[in-house]
Amino acid sequence: MRLLFSPQLNPATETGWRRTWFDIIYRHDTPPSRNFDLLLIVAIVASVSVVMLDSVDHIHATYGHVLYAIEWGFTLLFTAEYALRLAVVKRPVRYGLSSWGIIDLLSILPTYLSLLFPGSQSLLVVRILRILRLFRILKLVQYVEEGGVLVGALWRSRRKIFVFICAVLTVVVIFGALMYVVEGPEHGFDSIPMGMYWAIVTMATVGFGDIAPATTLGRFITSILILIGYSVIAVPTGIYTAELASSLRQADARTRVVDNRACPDCGMEGHDPEAHFCRCCGHALAAPMG
Amino acid sequence: MRLLFSPQLNPATETGWRRTWFDIIYRHDTPPSRNFDLLLIVAIVASVSVVMLDSVDHIHATYGHVLYAIEWGFTLLFTAEYALRLAVVKRPVRYGLSSWGIIDLLSILPTYLSLLFPGSQSLLVVRILRILRLFRILKLVQYVEEGGVLVGALWRSRRKIFVFICAVLTVVVIFGALMYVVEGPEHGFDSIPMGMYWAIVTMATVGFGDIAPATTLGRFITSILILIGYSVIAVPTGIYTAELASSLRQADARTRVVDNRACPDCGMEGHDPEAHFCRCCGHALAAPMG
Amino acid sequence: MRLLFSPQLNPATETGWRRTWFDIIYRHDTPPSRNFDLLLIVAIVASVSVVMLDSVDHIHATYGHVLYAIEWGFTLLFTAEYALRLAVVKRPVRYGLSSWGIIDLLSILPTYLSLLFPGSQSLLVVRILRILRLFRILKLVQYVEEGGVLVGALWRSRRKIFVFICAVLTVVVIFGALMYVVEGPEHGFDSIPMGMYWAIVTMATVGFGDIAPATTLGRFITSILILIGYSVIAVPTGIYTAELASSLRQADARTRVVDNRACPDCGMEGHDPEAHFCRCCGHALAAPMG
Amino acid sequence: MRLLFSPQLNPATETGWRRTWFDIIYRHDTPPSRNFDLLLIVAIVASVSVVMLDSVDHIHATYGHVLYAIEWGFTLLFTAEYALRLAVVKRPVRYGLSSWGIIDLLSILPTYLSLLFPGSQSLLVVRILRILRLFRILKLVQYVEEGGVLVGALWRSRRKIFVFICAVLTVVVIFGALMYVVEGPEHGFDSIPMGMYWAIVTMATVGFGDIAPATTLGRFITSILILIGYSVIAVPTGIYTAELASSLRQADARTRVVDNRACPDCGMEGHDPEAHFCRCCGHALAAPMG
């Protein structure tokens, strides 16, 4: 979180149109800035939808040029917004190099690049990354706290999850190699990486079925791997749930009003509900209310 | 819950057959009303079973006209019940526009409409919606409280779940587009929406296998997506479990007997309900209240 | 648990060989009875393995008659044990009609019946039910308490799980009918029950892939069903975990030694560690130890 | 943990090069030993990658001899390391027979054996076991404690998990036999062990789809098995989460500062660490200790 650039107004232009636009773009608590946010959400969702629709063959065949025009419309809109963001901020270069600045740039660049390198499919994925811009807006409303609790619990359990992932990957490597030897290329296990792909798909209970064991021994090994995966799926859930429950309990404890009496002598607060005397100066306290 | 229309007796007809039938239909605590509920449950389950059986080809071929007759029997029965519900209630129009009123209507309408538009398959789903009527009865017995706890915990965690679903959908969009570019139409990923469908099926560990990665890079990306999905499946469980545990703990705390006597000598509180003397100064305590 | 018949020794034969065998068969805490239990476990596992092996075609072809002989050996052994159980118990008829008595009978009956009705495959499943006899032994060692906690938590959450299963089945019925209408028989959804089977397979994230949506609308509906199933899989885990955590906490609380001082005056125990006077008679207590 | 051999320096050689190398190889807290650990991690990961890459057909065809040379390089390196480990340790034989000693040996032996038995595929899996050596290093850094909590909770819940696995395997045996009888060899269920493999794959929600029910009754039984598996997947998660939450709570409680001062006037205990006066009688308290 601290890595994110917190935009500041250009002090040389603290009045005039720049101040107005800074408030509209970067703040989220005035009616104009809320409307701007809403407009931006709609534009992002619409432009991502256009990219999606354009990838469907029969829609591309019929409406390809319409979607191309709309795409350019959104690109110009986002370009104008990007220029505006740079213009009103105090340190444009630093903004441009921040995470959000790069995501902003990535959401407009591919369309321009497609003029230079026509028909390059891979720019499509870059274009779809603009969906990440939604989080900048989401980040700043009432969902921050909720998201913060979730991410916080994930962050505190990062080491446990790292140890867990290491253990899972070791099991995956060993079972992947085992199945490569047992089943062999004739049943689809044509290399150890392929066996590992199969082991991940199996342990995580996805089970596509594109590769499946065909020998009795292979099926027996699969059953063991599944039982391991089945016991092991409990671990990340357990880690995360325990961590989250602990967070919520602490949050609970903080919001619980223990005692709202203040010492008449030294002003100390937060007394034990059973206390009759201030724990700091020994002065008598009033009787508790509730 | 508050949106639901709570039916009231028509005051102009507070005696006579209408009062009798109002009690039978809308109350759930007298022997006749319990029998009515039971009969309704049987009729709903039977009529839904008829719709299901009729959809099986060889049963339809042999018993089609019998099932058709039974269906009309149930429709007439439900029509009579619907008319009766409207007749005995104080404000029939408001009942008709309430959630339950609309579900009641939807459960009889399709059969009549099938006379006008013969052979329309889509009315079938509407007909099966009558299964929802079961909840009106279930809602009013001893399962309310249990269901209430479950729904309450779900409701309190709605924002966390919304944040979570947004994050999941973002991952789905990005990986869907990525796989569309990497695997391409020749392996079944013929558009970004198709890639997103595959990403949802994979992340949620369903894994039909109708579309599966066929290239090495695609399989590598799949493995990463699965590991993300595997870590992430813990999150809704964690949210819900922590919330539910907190509900149950609070319910526990509420039912625990609290003693509110203060020692007349030293003012000590928090005594054991069984105590007769203050544990701090030995002074006699008043008899406990509750 | 209370439904199970607790075998009692035949009082008329409280000495002699019957008493000896009663102790060997029904008790589990003497060396001979432990050896008997161990022998029985081995016999059950071996006889179930024989049934399994016999179902494999090439093993049946080669060793069929050997396995048939072994099966008869085990059947005679179990028959002798069954006769012995009936002989030494006080009320043989009541034992014969108890759950365990019926399971004992079912484990020997099929082999005799196969003489009358040769080649009847379905007796095979009945024969395999003898694996349930393992639980009679398992039930009586150190795993009782552990299993008791698990079953207890499951039992206390039975109503919540019932409400949950009802909700899941409603979703299954509605989506099954919807997919039947949307996809139709040409994509494998050839009846509503088939659609329901698919919906269960999908919601529970099994995803065989024997039936999979083939239309765009069908895939969209599938995605929604998967997201519902994904949120909903948290519910039984949450119910069960919260209930189990509560059980374990209560067990913890019970084993925690609060205070082991007894009142020198009235002998009252279980005082608050902070108490200086007996809460029952007001007599001064000794200072707490720990 | 206690089973592992804790290496000790050879006392006869407590100075000189052996001491230096002992510190480098077996300690993990000096700069040279850290560099050695890092080098070993890189070598292990690289050599496992070589084994993996060599299993891919087209890589083997092109770079087979290069990979073979690299493999020999790593084998000689690990052989030198193994010899050094034996040389500097006090009791080489005991080290050689410890778990780590055997894993060390297994990671070099297959390459030498491949000279004697050329082309033996099965040595491949043994070779890949050298990935386990990573844990010796991982074991000794900051992840020990985290891993310890996870393994500890798993260990304490071992009996519950054993009971659970027994119950699951019983269900698997019964449903496997049932499906063998109901579906039969013509739908892929050609023996009871095959049915059991299918039941494990289904209950654990993997669902490859290589074998799937084809009859209506089979699909009905499958639906029931899935619903059982769905309810039952909650159990290991519940066990583990409850155990882990209890561990974390105890760890919390241990780190919380406890005040052990008693009021010199009234003997009241359990004061806030910040308190200067007794909350019961107002007498001054001694300064807190810790």
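Think of it as A, B, C and D in the order they're written, each chain with its own count starting at 1.
Here is the rule we use: a residue touches a chain if its C-beta (ideal position, glycine included) is under 8 Å from a C-beta of that chain, and two chains touch if they have at least 3 such contacts.
Just so it is clear, the structure is predicted and the values come from calculations on it, not from any experiment.
Student: Starting from the defined contact criterion, work out which chains touch chain A and chain B both, please.
Tutor: A chain counts here if it touches both chain A and chain B, which gives C, D.
Student: Report which of A-C and B-D is connected by more C-beta pairs in contact.
Tutor: B-D
Student: At the interface of chain B with chain C, does the proportion of residue numbers present on both copies reach over half, so same, or stay under half, so different?
Tutor: Mostly different residues.
Student: Scan A-C, B-D or A-B for the interface that duplicates A-D, counting it as a duplicate when over half of the contact pairs agree by residue number.
Tutor: Within A-C, B-D or A-B, the interface duplicating A-D belongs to A-B.
Student: So, what's the distance in Å between the C-alpha centres of chain C and chain B?
Tutor: Chain centres of chain B and chain C, defined by C-alpha means, are spaced 29 Å apart.
Student: Indicate the whole-number Å distance between the mean C-alpha point of chain B and the mean C-alpha point of chain D.
Tutor: Centre separation, chain B to chain D: 41 Å.
Student: What are the residue numbers in chain C that touch two or more other chains?
Tutor: Residue numbers touching two or more other chains: 193, 196, 205-209, 233, 237, 239, 241, 243, 245, 274, 276.
Student: Enumerate the contact residues on chain A facing chain B in the complex.
Tutor: Residues 48, 51-52, 55-57, 121-122, 124-125, 128-129, 131-132, 134-135, 138, 142-143, 146-147, 149-150, 153-154, 161, 165, 193-194, 196-197, 200-201, 204-210, 233, 236-237, 239-241, 243-245, 247-249, 252, 273-274, 276, 287.
Student: How about chain B: which of its residues touch chain D in the complex?
Tutor: 205-209, 237, 241, 266, 268, 280
Student: Over in the complex, which chain C residues touch chain B? Could you list them?
Tutor: Per the stated touch rule, the residues are 159-160, 162-164, 166, 170, 173-174, 177-178, 180-181, 185, 190-193, 196, 202, 205-209, 212, 214, 216, 219-220, 222-223, 226-227, 229-231, 233-235, 237-239, 241-243, 245-246, 271-272, 274-284.
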